[in-house]
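Two complexes, one shared chain (chain A), two partners (chain B, chain C).
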Partner chain A sequence: MGTIEQNILKEVAGLDALPVGAYNIRTNGTSSARNTTANIDIVTKEDKPGIDIIIKPGTKNESVHIPVVVSQAGLKDMVYNDFFVGEGADVTIVAGCGIHNCGSADSGHDGIHTFYVEKGAKVRYIEKHYGEGDPGTTGKRLMNPTTIVHLKEDAEMIMETSQISGIDDTLRITEADLCDRAKLEIHDSIMTTGDQNADAQFTADLNGEDCACNIVSRTVARDHSKQHYTSTLNGNNRCAGHTECDSILMDQAYVLATPQLSAATTEASLIHEAAIGKIAGEQLIKLMTLGLTEEEAEEQIISGFLK
Partner chain B sequence: MLELQDICYETEDGKLILDHINATIEDHFVVITGPNGSGKSTLAKVIAGINKPSQGRILLNGEDITDWSITDRANRGISYAFQQPVRFKGLTIKDLMSLAAGKDATVSELCDLLSEVGLCAKDYINRDLDGSLSGGELKRIEIAMAFARNSDLTLFDEPEAGIDLWSFQKLIHVFEKMVAVSDGNILIISHQERILDIADKVLYLKDGKVEMYDTKDKVLPKIMGMPSSTCSVLTEKMKED
Partner chain C sequence: MGTIEQNILKEVAGLDALPVGAYNIRTNGTSSARNTTANIDIVTKEDKPGIDIIIKPGTKNESVHIPVVVSQAGLKDMVYNDFFVGEGADVTIVAGCGIHNCGSADSGHDGIHTFYVEKGAKVRYIEKHYGEGDPGTTGKRLMNPTTIVHLKEDAEMIMETSQISGIDDTLRITEADLCDRAKLEIHDSIMTTGDQNADAQFTADLNGEDCACNIVSRTVARDHSKQHYTSTLNGNNRCAGHTECDSILMDQAYVLATPQLSAATTEASLIHEAAIGKIAGEQLIKLMTLGLTEEEAEEQIISGFLK
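So, the complex of A and B:
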């Protein structure tokens, strides 16, 4: 693995070396390194590109890293990864994709991740998307992740997803359905710059009694970039749902936020919030009174907001 | 030492908020008081560089800082605790206290600073400085940030605002301690009698003008009408609180 690939691995998965536990590193469309454990198996799919990650019931305090690196200009990588999380397991899954495009043709990665989280299992899922290119190159970096989550009774999932830098065009789809007492928490951060475009679509079907879903999205749109955020919560049972989209708008950027709620029962308690605005002047002034320049204050506010 | 020379501040619609202010802040602990709308907060903002005076000069330790930015003034020794603390989504109390201290503050240092204002560091340092905190908590953290800077000149704009009277009795001790240990000048806008009581000097502002600026023994009896009575400014303010 070269320096470019190592740098991308560090950006998307925080890896300086091979991780502890189970992992599968996919580089330019093929698996370049893999490790399984007694409790976590990783199997290559035979009918389409991708892997099955099989986590045994009761597996505790283990992690799976499945980063993807695309460094070959013009490569369009498509992958289907299915996660089978056994009953009562408690695991952390670190995904993420980084594209380095140094050519004139577009490079892309479309990942479809499907989670089958069994009764009482807990998953923390961290996904980071990142792009970079050499100066003067015209090839775009495209990324279209789809995440589908099925949560059985008492299952819990926390998703921390982010796309802070370097992706020119993205369509991010997240769909979830929840059984009784299941809980889903999503924290999504996006920053777009230049002429980038980001479209994020969340849908959660709250089917189970006393299930709960909380989606918090923080975005920053700079320069001439465009963002469209859609979040739909469908309350089909006694449940609690909350969706929040906060955007900082800068320069000539554009943000469209469309939170939607639907309730099929009076017992569904659903809330949506959306706010779009520039950085508050009083926040800049406060940080300047602590000795920061206006530019430093702006960066501090943005990095905290997206943290 | 801070010198205010003929400071005027006029709003865009021509209203004169500060009317030829002249004062030299050289005593350790000076309190600015006066009725609502007398220009106290505007004067603090002019000193911190947030509002630019329409005329006049400001000198800090003999150096003309009138045209300096907020940042330059902060870096050269002016701290300013806002009357209405600002909230930040995503910035923790540790982040902001570290920015205020100018270094990555340790848990032990944060514990010392926050305990001064009656907060337990372990309950707060990793929390965002946002709407999940009460007005009183935000105000205490604002005051703690000003302490963390340990500046030549520290401005507090109504530290009592938003804090219940019972808690404020404890905060008085914080200011008493600050007076005892700090080398710099402390300038507090306040209506609180106990704050006025520990002042070296009191500047009484009315209608944008300095009506009185002298030791508390000379100023307080005058603004209170007579020594044993209560100042109407104070009673009005305390009713509001």
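So, the complex of A and C:
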């Protein structure tokens, strides 16, 4: 693995060396390194590209890293990863993807991740998307992640997803269904710059009694970039749903927020909040009186906002 | 005019007798009474059904009543009313519609109201929709109001629109565009019962500098009724937009709320809030300890909420 690939691994998965625990590193469309543990198995799919990650019931405090690196210009990588999280397990899954494109052809990665989280299991899922390339590169970096989450009774999942820089075009789809007492918490951060385009779509079916879903989205749109945010909460039982989308708009960027609440039962309690605006002047002035330049103050506010 | 028609007039326009000021009463598709004043003219359109309401610049403290009564079963009435509100005028316009249907054929009224509100003019617009019929009547009562509002510089419009009972199916469309410093305030109240269906769609283009729009919608959905609420704020200049949709859901009713914020400039500040849920238990209990039955307490809460 060269310097470019190592740098991407660090950006998307925080890895300086091979991680502890189970991992599968996919580089330019093939598995370049893999480790399994007594409790976590990783099996290559036979019918299509991708892997099955099988986590035994009761597995605690273990982690799985499955970063993807695309450094070959013009490569369109597509992968189906299925996660089977056994009853009562409690694990962390880190699944970033980074693209380095220095060619004139577009590079892309489409990952379809499906989670089968069994009764009482807990998953913390971290996903970072990142792109880079030399100045003047014309090939685009494209990333279309689809995440499908099935949460059984009492299962819990926390998703921390982000795409902070370097992705020219993205369609981010997240779909979830929740059984009784299941909990889903999503924190999504997006920043777009230049002529980038980001489309994020969340749908959660709150089917189970006393299930709960909270989706918090923070986005920053700069330059001429465009963002479209859609979230749909379907309350089909006694449940609590909350979705929140706050966007900071800068330069000539454009943001469209389309949340949707659908309640089919009086026992559903659904709330949505959205706000689009620029950085508050007072915040900027406060930081500038502390000695920061206007630009530094903006960066400070943005990074705090996306955190 | 018979007792049925008089009762409807009272429901939709609060009228016991002919109103003071300008009015046009439309009964079963024809104008049954009209009055104009020195400042407000009402002219029958020649190319299509409807009237032009022409309000002279500077007209103050005058009112126009244009109630519509449909008491003939099977009548489908369609009318185009244009309101020309002169510069600096300050008027109240009351435009209700009531349908009494005791037949087996559907009765309906579609009103397309277009407002041209000139510089600095102020309009308070009140619109009530109401339906009634004898028990066992199979003919439906349909009402599709379209309201188009053009607000010139410094113009202001307050809309109080409601549909509390008796309309089986409705598509309520409101579209507005705002010039510099124009202000639009909409308070919409809807209650649906039985198998009723209500679709309310609001769109405001905030084109002018420092223009402002506030849309507040309160809805109650009971029995098997269905509601769909859509509001779109397009921030195209330095402006402030706020939209809020709160729904009380009862019985087996269904509510779908789809607000949309679209900001094309960093100077736009847009906020949306939506909440769907049932009546809070504490509120009910509080009123019941004061001696109300559960049903009375519910009615009390609903009527306060829709007010």
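Here is the rule we go by: the second predicted complex is superposed on the first by the 307 of 307 C-alpha atoms of A that agree within 3 Å, B and C clash if a C-alpha of one lies under 4 Å from a C-alpha of the other, contacts with A are read in each partner's own complex, and residues count from 1 in each chain.
Here, a residue touches a chain if its C-beta (ideal position, glycine included) is under 8 Å from a C-beta of that chain, and two chains touch if they have at least 3 such contacts.
The shown structure was predicted, so the numbers you read here are calculated from the model rather than taken from an experiment.
In the superposed pair of complexes, A:305 makes contact with chain B only, with no contact to chain C.
Counting the residues of chain A that each partner touches, chain B and chain C differ, and the larger count belongs to C. Touch criterion met: A:278 reaches chain C, while chain B stays clear of it.
Applying the stated contact rule after C-alpha superposition, one finds that A:267 touches chain C and leaves chain B untouched. Look at A:18: by the touch rule set out above, it reaches neither chain B nor chain C.
In the superposed model, A:290 makes contact with chain B only, not with chain C. When both complexes are overlaid on chain A, the residue A:253 reaches chain C alone and has no touch with chain B. Of the two partner chains placed by the overlay, only chain B lies in contact with A:218; chain C stays clear of it.
Counting contacts by the rule stated earlier, no residue of chain A appears in both its interface with chain B and its interface with chain C. On the side of chain C, the complex with chain A involves touching residues 235, 247, 249-278. Against chain A, in their complex, chain B makes its touches with residues 48, 50, 69-71, 74-75, 78-80, 82, 86, 88-92, 95-96, 99-100, 102, 145, 149.
By the touch criterion given at the top, residues 218, 246, 280, 282-283, 285-294, 300-301, 303-307 of chain A touch chain B in their complex.
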